[in-house]
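Each of the next two complexes has subunit A plus one more chain, namely subunit B in the first and subunit C in the second.
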Partner chain A sequence: MKKLLCLVLALMLALAAIGAVAEVTDLPRNETLYFAGQQWGSVNSWNIIGTNQNNSMAIAGGASGYRTLMFETLYMYNFMNGDIIGLLANDDYAWNDDMTALTFTIKDAAKWSDGTPVTGADVVRTFDIGVEIGNGTGTGFKGYIDSIVADGNTVTINAKLNDEGQPVNPLKVLDFLTGTPIAQAAWIDTVVERCGGDAVTILNDPGEDVVWSGPYTKLYADDQKVVLVRDDNYWGQDESMWGKLPVPKYIAHAIYADNPAGENALKAGEVDVCQQFIGNVQNLWLEDGLPISTYYEEAPYGVCLTMPTAWYNFNLPVLAENPALRKAIAIAVDYDTIIANAMTNQSPSFADVPRSLMNPTEGEQALYNHDEVADLQWAGNDIDGANALLDEAGLLDTDGDGYREYNGEKISLNAVCPNGWTDWQASMEVVAAAGKNIGVEITTLYPEWDIYQTVFTNPNQTEYAIYMWSPEAASPSNPWTRVNQFMGSEFVGVENNWSGNWGQYVNEEADALLKKIPVTTDEEELKSLYTELTKIYLTEVPSFSLMYRPSLFHAVNESVWTNFPTGDDGRNIPPADCTDGYGIAALYDLELVEG
Partner chain B sequence: MKGYRKYFGKKIVWFLITLVVAVILNFILPRLMPADPVSAITGKMAQGMTDASAVQEIYKRYEEEFGTNKPLIEQFLIFVKNLFRGDLGTSFSQYPRKVSNIISSAIGWTVALQLPAIIVGWLIGNLLGALAAYIRKGFDKVLLPISLFLSNVPAFGMAVVLLVLFAVNWKIAPISGGYAFDMIPNFSWRFIQSVISHYQLPFWSIVLVSIGGQAVGMRSMSIYELNADYVKYARFLGVKDRKIVGYVFRNAMLPQVTGLAMSIGTMIGGALVAEIIFSYPGLGSTMYSAVTAADYPLISATTLIITFMVLVVSFLLDIIYGFIDPRVKAAQFDS
Partner chain C sequence: MKNTLRQVFHSSKFVVGFVIFVAILVTMFVYPLINPGNPLEMIGVGTFARPGTYVSLYDATKTPTETFRLADADDKRLASQLSAEDRVAMVEWFTAAGIDVEGLDISDTDALLDMWRANYDASVKPKGMTNAKRNYYKRLNSAIEQVSAADTLIITDKDAETGELVEQGRVTKTDYVNVGQVTNVKTLPLGTDNFGRDVLKELVSAAGTSIVIGLLAGLVATLIGLTLGLLSGYVGGFVDDIIVFITNLFTVIPGFVLLILISYSIGQEQRGAAVVALVIGLTSWTWTCRSVRSQVISLRNRDHVNLSKLSGHSLVRIILTDILPYIASYVVMAFILQVSSGILAEAQLSLLGLGPKTTEVPTLGLMMNWAMLYSAHTNGSWWAYFPVILTITLISFSLNLMNTGLDQVFNPTLRD
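So, the complex of A and B:
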């Protein structure tokens, strides 16, 4: 009898233990939205003021649209039309006359997960701790923001001023609004205290006890998946915000080893939203008959925001001293082949959207005078034009070996991108083929990523001649930020240069124009400045874009969930995977296929 | 007994020398790559950041934190000192996770996948090889080409074929992961079933490839032994067939045992393909991502585990051979 009692007791204990561990054991398919292509590798931390969290579902993104599932920004950015829409803050942000201070108010309804209100003090503390410990927010914005002060719910951002008393860059201050997740001041104090105020310890704190304001919070994370669960007390169900909760109860992201694994899962219906490049994506519905769709039904299927670009190395005299050579290579490249092969037509052609410094969105295209630069633009594959340019510049093949010479030496360049980046590798092959047609030897080189990134960020490197990298996509400070990356000399000579101008090009005229734009508000003047910069860029050709490309891919499988945003549904929700910037609005409209 | 002591002493000295050399190589080789992992971390941190001096600041801080700005010899001494304390350092690519934490969460999956797969592949392969050698005729004619074919299929080829056939086309096996995409680990029968079903394809992709190689090896060894003089002599003496077969397989097994031990020693590297193709968690894919990210501490740690396992296994083999193989025993006593 005693033995039986012990056995029953042990069984009960075991069952209790299972119950405790398995509070949520299944993620019901009709309550869970599954993702692929965002989270690679396991989550490092939940510390919103830390670094390297590798926590793509909760802590990710930048100015172009922060991922606001768990932590929220003051405003959401909509890259479809450039709108800045209130999230934690009201739609009342305003500059003073000389653009030295920006003021806005926090929404009364905004609350933290512990029920306390979000206040101006939280915004102040988020910025101050960032500067103190040197996290991304602090180091990224202290060059543009002098201080943030708050009076209750009213917040004022004081811009950093340059020597002439002008704000360094008001556009970057706007990036702070849409790109910085706000942390709770009280929680920051807790972390600072437990870390003894040591910056590195604070940055590396796992933040398991973090307080959030967004509609989801962490449920589970291991080496194979990360799961967020809806916070049904989310403040955003207030009428002043969304007026309801987002539809999916769970957000789950399995950690796939590579793109093919994620793509297979999408095809199998195990993934609803896929942020991966899928070659010939249209075949998934046209040939395979799968319930998969993209933002647009026809090519280019998505919204292209960035332009993967080939940068010329100005440390090499042959490239630095020969604008004709730079332009000749650029106009000889067959971009239609790149777009058809590398991007499988998921990019508009340069005949559809003529090249400039702008991405293809309507807002940016309206920022320069198309007629004034029309003569300078090229759509590519102009072999005769390129040969004529080189002949005219005196870059001739004098020894009859089929290759032109400069200063008596054969012009021999390499075209480089990381190994395994197949669409970029295909592009570099097309660049090399263009070289052959114009008597310039261009060989391709595909080093491993870790080596590539070390070399191309070195401002003194002479190993790579033509190499690929993408400039910024979209944000309130774009296209200025991108144009600055194309031509701004502030990046020249900077060690470990991840910031811009990877070819080390210097043009004082461009610098002067770039300096004016952030403090220019007159639309006509702005257009004239961007047009001048476009002229310089297309004449000097310090680099050349090879294609347009979305910054986020957005393919959805509608076997379980439907009513995802599309380009023609009139909702103007961007294809930002239902998670980034104003793209999160999609989560509130989702519907189940089977009622 | 003196002969044994000398034999073991010599083996231990060589074991220690190899270990020291291996540790030095484990440290130096990854660092000879012309890559700067601190730059990669900075790049991740600096996304969307266009203030060049801010990016510089981040780079300097990480350089300081990882100690990559110190001379290599100083870095090595710190590495060895930490190694004695069981501290394998902090990962670059998964910073701020500790290497020991990454390894401990992955190693269980790799051992659980590889160990049974290696043993099952070895057992089935050797059994089939021995039977082919003994039975010959039709069995051998069918088995030999199949084994040759299997042993020559590259591991990734086999994994992809299984994935496409069973998971993508016929949908009778899961596509990826260590457990169902719609589950959270828990102690339930459904979860255990899910783990077992996700185990099948990676497991068989390893077993099938190893069966071929083992069978071919065992068949050749057995045929060689069956034709050896001592077998003929035993038959001449009228020793029973069963007894002879016992002798034959005992001798044929010796190189196969070495093969098994080495497979176990290198199982982490061997897990790489199956883990990547099936998005299966484990140390193989961890090592692969560490190499592509020039994550020195993680590369050093994983290769150190492999080195250590190979060394221990070969040391144990040497010791065991000293006892079980009369030829080794005789050689030691003679010398």
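So, the complex of A and C:
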């Protein structure tokens, strides 16, 4: 009898397992858009006001716009032209005269998944709870936003003011519009109540009952796959928004072990949209003849928005006291090799886009005076120049061992990035090779990620000399945010520093200029401020960028779906993986490949 | 001794292994003389240049030319730009764009190209045609433009002051240069790796490093194993118990796991080639120790050993003169195997990213590590990893062959 029971139980388990598998494989291919390169590991939670959700398809503040598949922001950012486009809110946001308050209205049609309208009170509650429990929204914006008040659908954001009565940073207030997912006030109340108001418990609530406003919601998620399903009652089919539903019924993301696995799935046509760096991506169509394409047909294939940068550690006297050494290493590095090797030419060269504080987009490039800083810029591989700089600064090789000394000690530095980050490792190898040419010992070091992240965010560390991290890519507050990350002293000494200035560089002149920019609206003045900052940066060299890089990669396989955005289609939809910021507009235009 | 050597070189297996190994060693010493320079120099900007001979295009235009009228030159040129599939694809485009292809013969190149030039428009987006396909047609169109380019290409230089183009030379379709006369020609028999380094040069240097690591590791392992085995077997008693205990401890823990853990905890900064060799040696001595011990136990009660004992010879002397010579052949064979496994262990460690520090020396394992990180195995760049695998295989094959050959000579049960 017992045996029979066991057998029956085993059978039931097996059937259940088959059922689960069947569910996974049963997604109709021509109704499902498959992704790769966004979700790593299984989902932690669906709690939009929590932290550490590890839920990239639903909750992800992308570097170039928030991912609005399930939760929506007030506005969508389009990094192609800097547009701020209404989503939950109407296109009517306006500053008052002294930029201390910003007012906008919520769309009448905007609804939550439970059918109730989205109101100003939801925006207020989202911000307030964030400040109260210290989630990303709260810590990110409480320094710039004093309060948010609502009257029905009209919302006013009061900027935080400094001692002179000026707003601290109006640009960051705009970031709030495009970067903060709005949660339902009623749902927040429910969560607060069941967690007894305890901040930590609220942050870690699984949020399975969350209320959303976006076009998709969770179908299921396990350690193999995350699937979102279209909400056919989505409010956005109203004429005041998209006027229709997004085309794919399912959004699916298989959880791959690593980049090569995702790349192989893309090649096999199992993935439609791939957010992964693929070396020599052009070979996929030139040599393999696969129906794969990128946003642009030619190199750099995508839109480069950020610049992975090597930061000098100012806790080390040899680096802090020798601007000549900092500049010499920076001008000796062979950037063409980095770009050709590490990025396989998916980046413009520093000869095409001379180095500054700006990313290569036209909008940012227009923000500084190119002629004024031309003498300070460098394209790299200038060994003679670097050696001359070091000789002039008195950093000489006096004991004949082939390496220069400072204060009688051999200059020996390490170049560090996390292990397994292939393109960064290759860059560090090239930096180390440059050291050899100028008599500075540079050795590479690739610690595991968990070690790396604790060391480089520690403001007092002296273990790493040259180490890599990327500054911000694109948002309404850029390039200011990025420039502030390069030189702003507000991050110096901050424990567990993920915000900026990882080298602990201090320059009062730069700080003063940085303070002026957010409240400057005159374009000429803005340009002269940025030009001054560029001059300081290129003279002092507190860090140096190694390449330009897209913040999102966007390779699509058109075996099933087509009409993805491209650079020349005139739609101006950014290559943001069909998910981020205004990039989500792509989902409404997708078509099935015929035949 | 002479007799032993003669015996050894009579073994065909040993000789084959020996010849392969010596050939590798000779290459290691001779090749750097032919092709000197730093093996880690990044000569290529870009990843994975194919094996072959590269001719400087710049210099070629300045090299004296000969005129050859080769009958098949035009056909080859056309075929390289316009394949049979391309022709079919052109017809597909006409059909998709709603153009009548009645009566068109796709083998009639002129007619096909005329029709293409008359009708193709990059801005047309036929319904259902993917972006990837449209991009393909754009590339095809520019290839077709090249096919139909003029017979003579003009090389010009830009005047620095006026900005005018000044003619420097002309290249016609019948111009040929002798590769031997071009100033700069670079032959890369195994292409370049992901950093643009000459793979052959790197491989030769890496094989050297790997053999040194293997020798060092083998020496360390054999020395430890031999010493402990001799002591344990001959002294016996409490010393034996302790040594056997330690040996068993090391045997039970999988050697490679131990190797990984030690390499990881040493940290990358301390991991030079010598340190890695030492670590490999320190984790792989156990089997030598056990075998030596068992052989010594069978030897220690032999008459000549007992005679030595009665004569009052010291422990060291008995071990060195009465025991060691009897197991020497085994030790040499064990050493050869240890060298071989040391080389493999380095390759495995480096493949996991736990090998020697990267900027200083190339090793076989590191070459494979970088090839794997750059997905050489999936993007078809076989030259970046296959020769490395072949070299490792050849080295350990030759060492194992030598070992088997020796075994045949020294092992009485296998002796012919």
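Keep in mind that, in the parts below, the second predicted complex is superposed on the first by the 567 of 595 C-alpha atoms of A that agree within 3 Å, B and C clash if a C-alpha of one lies under 4 Å from a C-alpha of the other, contacts with A are read in each partner's own complex, and residues count from 1 in each chain.
As a working rule, a residue touches a chain if its C-beta (ideal position, glycine included) is under 8 Å from a C-beta of that chain, and two chains touch if they have at least 3 such contacts.
All values derive from a computational prediction rather than experimental measurement.
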Fill in: Combined model on subunit A: subunit C and subunit B, fit or clash
fit
Fill in: Which of subunit B and subunit C A:372 touches, first, second, both or neither
neither
Discussion item. Which partner chains sit in contact with A:498 here, subunit B, subunit C, both or neither? Use first/second/both/neither.
Written reply: first
Fill in: subunit A-centred angle between subunit C and subunit B, computed on Cα centres after superposition, in steps of 10 °
50
Worksheet item: Counting only touches as set out at the top, which of subunit B and subunit C does A:540 meet: first, second, both, neither?
Response: neither
Fill in: Superposition-derived comparison: subunit B or subunit C, residues of subunit A touched
B
Worksheet item: If you stack the two complexes on chain A, which partner ends up touching A:264: first (subunit B), second (subunit C), both, or neither?
Response: both
Worksheet item: After lining up the shared chain so the two structures overlap, which partner does A:472 touch, if you call subunit B first and subunit C second: first, second, both or neither?
Response: first
Practice prompt. Applying the touch criterion given at the start, work out whether A:132 contacts subunit B, subunit C, both or neither, answering first, second, both or neither.
Written response: neither
Worksheet item: Is A:146 in contact with subunit B, with subunit C, with both, or with neither (first, second, both, neither)?
Response: neither
Discussion item. With both complexes superposed on chain A, which partner does A:429 reach: first (subunit B), second (subunit C), both or neither?
Written reply: second
Fill in: Superposed arrangement (fit on chain A Cα atoms) - minimum subunit B/subunit C Cα distance in Å
8
Worksheet item: What part of subunit A is shared between its subunit B contacts and its subunit C contacts?
Response: 264
Worksheet item: Once bound in the complex, which stretches of subunit A touch subunit B?
Response: 17-18, 21-22, 24-29, 32, 34, 41-42, 44-45, 50-52, 54, 62-64, 134, 136, 139-140, 142-144, 172, 175, 179, 200, 203-204, 219-220, 222-225, 227, 252, 254-258, 261, 264-265, 267-268, 270, 448-451, 453-455, 457, 472, 475, 481, 484-485, 490-491, 494-500
Discussion item. Which stretch or stretches of subunit B touch subunit A in the complex?
Written reply: 33-37, 39-59, 61, 65, 93-97, 105-106, 109, 163, 167-168, 171, 175-179, 181-188, 190-191, 275-279, 281, 285, 289, 292-294
Item to complete: Write out the stretch or stretches of subunit C touching subunit A in their complex.
Response: 40, 42, 45-48, 127-128, 130-133, 135-136, 138-139, 194-196, 268-269, 353, 357-360, 373-375, 378-380
Fill in: Interface residues, subunit A side, partner subunit C - complex
260, 263-264, 279-280, 283, 285-287, 290-293, 297, 334, 336-337, 340-341, 344-345, 414, 419-420, 422, 425-426, 429-430, 432-433, 442-447, 556, 558, 562-564, 566, 591, 593-595
